[in-house]
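Sharing a structure, written as structure tokens. Questions coming.
Labels run A, B and C following the written order; every chain starts at residue 1.
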């Protein structure tokens, strides 16, 4: 990266009375990219976003926008705009007045405000709605107005605080695509926080996974999904079957484990190799597991097992089977192939499952 | 639901309401109006006419007192709004949880106590031998006892005190419902305290402001105790005139006309206030 | 403006100072009233002559305490009598009104609702004189026609009760309606479904649900009745309630016995007020 980043955080920390909400977080967001912060509720992502917006002050660390430190700069003086969780459109103003609010604060002449408001509304695909009231808009239209209200100010960074959370599922799916398109259209840096991994995976150029006030991993969606840095990321991003057991052997990068139920499993170690005898956990994605009706003719060490169908959860292309191991009683979720094969499985049928150790990851169990 | 039994139930519920409204509200006011337009021409002889109203307009003491009462009430309303708004904002937006409840209760307690007691407190504070006069003498600001009672300022202090709660309660209610993120959004978009107050907070609080102003104005206009006790004999408050026409002079015809004029003014202000703010009586009063 | 927005220290502190000053203003008159209730002098005024409880328990003139002062005791009794009647009547009618306005739809409902709110915007003095004028003219007509006396329609306790009832009912109606509106009708339907009669369902399910509001409204009614002055002033006869008695005494010049009564009133009102809040808050 040669140009300065739009947003840069250096060892940013925020302490509240009795706990640390944000713990030495550092990252930078290059100009024009879509950056998501993904984490469960209470992980500190909202605090982080509000520090960037200026509604909360870091205990230590630095925060730079376009290379300028924002410490001590009020929220109304920062070149960032925020789309609030419930949008915070002003109900006492019509749409035109809402979008023009920021320009009025800057003392832009009236005629110019009108022109710029009209232009930005056209760009978000809602031309000519200036006279409407806020409560006359649909959920998706409100989203776009909220974005227009920020974008009309041409901020360096646009912050989005889970704005899709209140929408119903269908609209949320649609708005994901729309947000991504709007970001490309305006070519502005977006910082988006969410607890919904699919929102983050679909829209972002880069994602930071946040847990307990720290960033566990920063990377592209693919990196997070296929190369999770630790057990939390592996469990939080995407679905995975998780097993815990003792390491019995380490063979190159492949770790062999015996679970509490007595099943032997093999997976690739994600980080440093564990010691034999230590506790470890293994994550396998449901779609990495292959099914066959007869005992597969594959080499040993491919985690082959005979299993009984517990239930089949039909969900279109995302259908799952829950399989139980006869001897240990452990269950695993397996994605059914999209071809429609295996959809005829019945509860109680016997199937064989196997997966390649390369597609499973092992992490040490944190004490 | 249209069975005979529920019909009967409906009429049983309707009866007390109608009895109350007709016997105690509508007919008495019709009667009041009827008396106000009857002129005494002899012993137990009356004629219908607007003579009593003519007396009001021809006697400067009467209409000046009326105008003075209205003006002082407007002043009270403005003062309570200016003084009460920051308090309401503080309670609604700057405090949380237990502090908020406590402050709110502290505002309510004086209102639960009889107006007479509150006014009596001000008399003890303001009179010549009172606390304020003594305190100022002790501090050396004044040399001898000073009477702070029996002037317009004392009336104002008392009226504001008596009615400020009716301004604060609706304001706290409406300001409470203003989401903090609205104010944050205003700042985020570059606004400052003043513009946000003007463009976001006040427009949002408008229903509370209107209902507070209406109630305070009405209460001041119809107040009797405070002006009489704090303003003394020459307080010149219109309710005092009504009282003396009824009880002292026994001129019920003129007193009724005065009463109707006061009712007219108060209704007109309520009506204009609601029209001006585009609200209805039910939404403002039926809290 | 709100805690999350940075604010200059000077503004913050002057704001706090203003709020503090305001609460001093609120507390000041009531505090001095309470303080002078213990003043060892016949004037509730400075200089301070010492502390005494004679204005509560004293028996020797001029220090006759509240508990031995006939006229005040009688006035308290009158006020309690009036308040009990007003509270009973206004809560009963208010409950009926609540059911009528919440449960029934009929022609002219909106009009009646507005009419029901009107007592809120009629000045108390006007309400008093209108009832006075109306009752007197009815009495005159009846007396002319029948040659009997209708003392109940002349200024006196009956008119005082009716006058207070006429506007306090609006408050009880609003308080009880607000709670009835929150009632889930399916609870009553469930009771009917389980074999209860219509009245049985209301009695066993709805009224217990309304109880906090009914008690709260009753307490509010007692408070308002006790402290009402404007309407009562116009309708009062020979038996005067406490506020009127105190007003008369105040005009003649006050002794700390009035402070003692006021102190008792403050304590009782604060307790009743808190009680009504607690009742309206309990059970959501």
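As a working rule, contacts are C-beta pairs under 8 Å (C-beta built on N, C-alpha and C of every residue); 3 or more make two chains touch, one makes a residue touch a chain.
The chain list, named the UniProt way, goes like this: A = Spermidine/putrescine transport system ATP-binding protein; B, C = Spermidine/putrescine transport system permease protein.
Remember, it's a predicted structure, so these values are computed and weren't measured experimentally.
In this structure, the chain pairs A-C and B-C differ in their number of contacting C-beta pairs, and the larger number is found at B-C.
Distances between chain centres, each the mean of the C-alpha atoms, put A farthest from chain C. Taking each chain's centre as the average of its CA atoms, chain A and chain B sit 57 Å apart.
Centroids of chain A and chain C (each the mean of its C-alpha atoms) stand 59 Å apart.
In terms of their C-alpha centroids, the spacing between chain B and chain C amounts to 17 Å.
Listed for chain A are residues 54-55, 74-75, each touching two or more other chains.
In chain B, 184, 187 are the positions where the chain touches two or more neighbouring chains simultaneously. The residues of chain C that reach two or more other chains are 4-5, listed in rising order. Within the complex formed with chain C, the residues of chain B that make contact are 5-6, 9-10, 12-14, 16-17, 20-21, 24-29, 31-32, 35, 83, 86-87, 90, 93-94, 103, 105-110, 112-118, 120-125, 127, 129-131, 134, 161, 180, 183-184, 187, 193, 196-197, 201, 214, 218, 221-225, 229, 239, 242-243, 246-247, 252, 255-256, 259, 262-263, 266-267, 270, 281-282, 285-287. Here chain B touches chain A in the complex through residues 179, 181-182, 184-192, 195, 199-200, 203-204, 206, going by the rule given at the top.
By the touch rule above, chain A contacts chain B in their complex via residues 53-55, 74-77, 80-82, 84-86, 88, 90-93, 101-102, 104-106, 149-150, 153.
Those residues of chain C lying in contact with chain A across their complex are 4-6. Taken in their complex, chain C has these residues touching chain B: 1-5, 15, 18-19, 22-23, 25-33, 36, 43-47, 92-93, 96-97, 99-100, 104, 106, 112-127, 129-135, 137, 162-163, 165-166, 169, 174, 198, 223, 226-227, 229-230, 233-234, 243, 246-247, 250, 254, 258-259, 262, 265-266, 269-270, 272-274, 277.
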